[in-house]
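Read from first to last, the chains carry the letters A, B, C and D; within each, the first residue is number 1.
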Amino acid sequence: MSDALISLVRDGVDVFDLGRQLSVGMPQSPNHPQFWHTLHRRHGDSYRADGSSAANDMITTGTHVGTHIDALAHVSHEGKLFGGVDALQAGVGGKYIEHGVHTIDPIISRGVLLDVPNVLGLDICKPGYEITPADLELAESDARVSVARDDVVLIRSGWGQNFDRGTEAYVGKESGVPGISEAGAHWLASRRVRAAGADTIAFERLAPGGGHTLLPAHRVLLVEQGIYIIEALDLERLAESTHREFTVIVIPLNIYGATGSPVRPLAVVPS
Amino acid sequence: MSDALISLVRDGVDVFDLGRQLSVGMPQSPNHPQFWHTLHRRHGDSYRADGSSAANDMITTGTHVGTHIDALAHVSHEGKLFGGVDALQAGVGGKYIEHGVHTIDPIISRGVLLDVPNVLGLDICKPGYEITPADLELAESDARVSVARDDVVLIRSGWGQNFDRGTEAYVGKESGVPGISEAGAHWLASRRVRAAGADTIAFERLAPGGGHTLLPAHRVLLVEQGIYIIEALDLERLAESTHREFTVIVIPLNIYGATGSPVRPLAVVPS
Amino acid sequence: MSDALISLVRDGVDVFDLGRQLSVGMPQSPNHPQFWHTLHRRHGDSYRADGSSAANDMITTGTHVGTHIDALAHVSHEGKLFGGVDALQAGVGGKYIEHGVHTIDPIISRGVLLDVPNVLGLDICKPGYEITPADLELAESDARVSVARDDVVLIRSGWGQNFDRGTEAYVGKESGVPGISEAGAHWLASRRVRAAGADTIAFERLAPGGGHTLLPAHRVLLVEQGIYIIEALDLERLAESTHREFTVIVIPLNIYGATGSPVRPLAVVPS
Amino acid sequence: MSDALISLVRDGVDVFDLGRQLSVGMPQSPNHPQFWHTLHRRHGDSYRADGSSAANDMITTGTHVGTHIDALAHVSHEGKLFGGVDALQAGVGGKYIEHGVHTIDPIISRGVLLDVPNVLGLDICKPGYEITPADLELAESDARVSVARDDVVLIRSGWGQNFDRGTEAYVGKESGVPGISEAGAHWLASRRVRAAGADTIAFERLAPGGGHTLLPAHRVLLVEQGIYIIEALDLERLAESTHREFTVIVIPLNIYGATGSPVRPLAVVPS
């Protein structure tokens, strides 16, 4: 007998794809191995007896490339991972059995979009701008939602509009990149969210010229609070809709011992 | 305001993970590049000024490795892809822009489990056994479901119990592997399903000693009918439950031009 | 009984290493997959019963990355490889069995250094400067050598001094890069050399802002003449010596069907 | 003016290629990432304005795959590398700056072939057979050579004839593999050789069913003596010749911090 979820799905849902397409040459951080895709067998290379053929391909990629989720094992502070796990010991053997991405259960939760430039009257937050707790609460109020425990909070800075302008523009090493910093991370932690994401490569504010020298929001969320981070989201189409509250689905690849995984998050609403 | 889907999710759902863990050395077809995962930076390799550090890693993998979905571009017959697309021309440029895995929309549909060995009174279907339309209908009847348009049909042969026994046992080149063949594929096509999956590496029946010499079900589904195929599913825990009808979520990575993608399908039911 | 070559080697030889070190982040063309090196197992990850351990690693790389040799299969003109081989047909099967890098015998030949900036009274040839046959003959005369059949000719532009200044400086897409062009290639062909190399990423002259839009010297050498090209050589230390004539050793990896290979060429002279 | 080495080379040399061809599917140890080669761009994928096109490819491979050299950083014993270097500390940063393969100078030395099965009256040494110092001295005597300081010693077991029989036969996990063990390694050390090679995947004797559980010759040579090891050589054609003494050339790729490198060693003799 069909359950209520099946009925809902059959009645129709709208799906917002929050993941970036993975293509050779797309913007990514130079700290991580480049995404590459190649066909090693194409149709016509060989045929089976019945006239059929298969085309096959491979990818090589860093796990923090494209839209991706950070496992708790990704960041340590003063030698510790979340929960006080010894960070050096955790990596012995070449995989993070504790806090690796395989320990993240697939996420099906309420999602909330906080559209910061919209409430600030901007198209895009300025490079290097720190999104404050006050900004987050303004966006929350505008969304008529109260961010709560286990939510997945998606913070739009508008910077995602730079994705198609290439690595230099999107990574923003020289320009800086907008985002929350330590204060915003504490705000998210106070709401006890499950995961937080943004439309930038590093999730948090980067100072102009600074690169990834300090990442305090990563420390607060991944090391102190056990809150996952999702990076390089495409939030543009969702922002253009009226949906600020939705069901979000994030399914990391179950890579044993990895520090992250490419993901293709979805925001889903009944049609 | 929360929608009905959010309410359902908040009331609680049970999630069955149908994907295999990706780990170095897991069983896979030797026709495809091997899955590998490696940490290139571990905690302790370097520290930021504030005492934090990041651990980073990479993967290399064929796209038909682990639990994965076949795009329509994967198989051709007599020089044609689905819809009569010229298979040689489609690959020029090194990516399949037509029928590549990036053209598969994320799937949120009704799923149906057809537990074949259960209705045959077996633990596992015999190596090389062809699952017939009659077997499928028996399992359908046992499930008290009528397979219908846009469903995702998961055909359990029990062979997934061999996954932990290594490549030779699971790939089954010598032994053969159970599964549907051309007749079963026509049955699925007659029900106009969106995708079909199985708990084996090749989805369809392999004759003992034959390997992948002929794959008629692939031809029917991918080339003639435009029905996606999902391989190397883990259906054991779902089979142990009473759920034969559920919501299935399959989100391929959006790899531009690829012939397949690793996926981690979920079966979801209200708690 | 020791032969004359062994005696010579035992008396001592000086070896000039003309290859660039392969390291993550080194300059390379963005058209080719990035060089990456990663340790997947480090000492301490596990121990054998006797207290020993092994550390293991992997590389991923384009074959035209770092100092490398171009096989004849690398370039086609109007659908033909060297010798009139059909270029499309040659690639069917996913490897170039004809003219692949595996068909290049290891090279042990006389080498000649043509130090162009030196005879022009420069440190480095100007960006985008075309090295002419007259320049080559001036350098040849200065070297007191007559370039002859089966020689390996190494053309120094001085541009190699930019290697340590990063990808943008070395690849020189905006600035242009010095080198021979069609006329210089014809000069090399008239001398019937076996291979020609340079201290730049593309071997031949690149116009400012132009990138790899046209590569006439590649066409002349690889397609019309069957002369191998070696790129990204380090000629600085050799140029500082007095040696303009020497034995050159170039041993491509024997990669079946590849279009190129990393190499570490040596110039060798008796001490 | 041409030097004596150039004259020798011009008079003609015979080159014996001691490296195995690198091809997808060749035998290799399952402990190391698989060799893969793939063309990501083929002729016909795109054309430059003048009708030319380039075909490009990539490789992914473990560094201990195919014919390769072990750097001293590859093996530790009781936490130490050669010279007492702390093995754990040496790997911090993800590369072995001490004793990495980039520290191996290109080798141009006298080489000596010790053809063990020939002096034992066999085609191939038996699986799991330990080649003793007495066997080595018998072969040395037969070669009419006295192995001396800085030589490269190539120990033929005949096992290389199994290379074309596939991974199971060549790796020989079940059967065992012939080779020297601790005593033979001490013999090599007593002669103060620079490097030692063999025609097997692990260089030293493997007991039947044992795999790589203990590798005492690796310990003696790499950790205690600082003598490089070359594995998976093709010694068949050289053995068929009369040359037992020759010039050997081994040029590792200059991979910064790696534990090994593919190599294509040559044995060279005046014609």
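The rule is short, and it goes like this: a residue touches a chain if its C-beta (ideal position, glycine included) is under 8 Å from a C-beta of that chain, and two chains touch if they have at least 3 such contacts.
What you see is a predicted model, and the numbers here were worked out from it, not measured in a lab.
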May I ask you to list the chain groups that still touch, directly or through other chains, once subunit A is left out?
-> one piece
Interface with more contacting C-beta pairs, comparing A-D to B-D = B-D
Chain whose average C-alpha position is farthest from subunit B's own | C
Quick one: compare the interface residues of subunit B with those of subunit C and tell me same or different, with half as the dividing line.
-> same
Taking each chain's centre as the mean of its CA atoms, subunit C sits from subunit D at a distance in Å of 25
Mean-CA-position distance for subunit D and subunit A (Å) = 45
Please report how many Å separate the Cα centroid of subunit B from that of subunit D, as a whole number.
-> 42
Two or more other chains in contact with one residue: find those residues in subunit C.
-> 24, 33, 36-40, 42, 44, 58, 60, 94
Linking chains that touch, what shape results: line, ring, star, complete or other?
-> complete
Please name which positions on subunit D make contact with subunit A in the complex.
-> 24, 36-40, 42, 58, 60
For the subunit B and subunit A complex, residues of the former touching the latter | 1-6, 8-10, 13, 15, 17, 19-24, 31-33, 37-40, 42-44, 48-64, 73-79, 81, 87-88, 90-91, 94-96, 102, 105-106, 108-110, 144, 213-216, 218-219, 223, 245-247, 249, 251-260, 262, 264, 266, 268-270
So in the complex, which bits of subunit B are touching subunit D?
-> 25, 30, 33-34, 36, 38, 40-42, 44-46, 60, 92-94
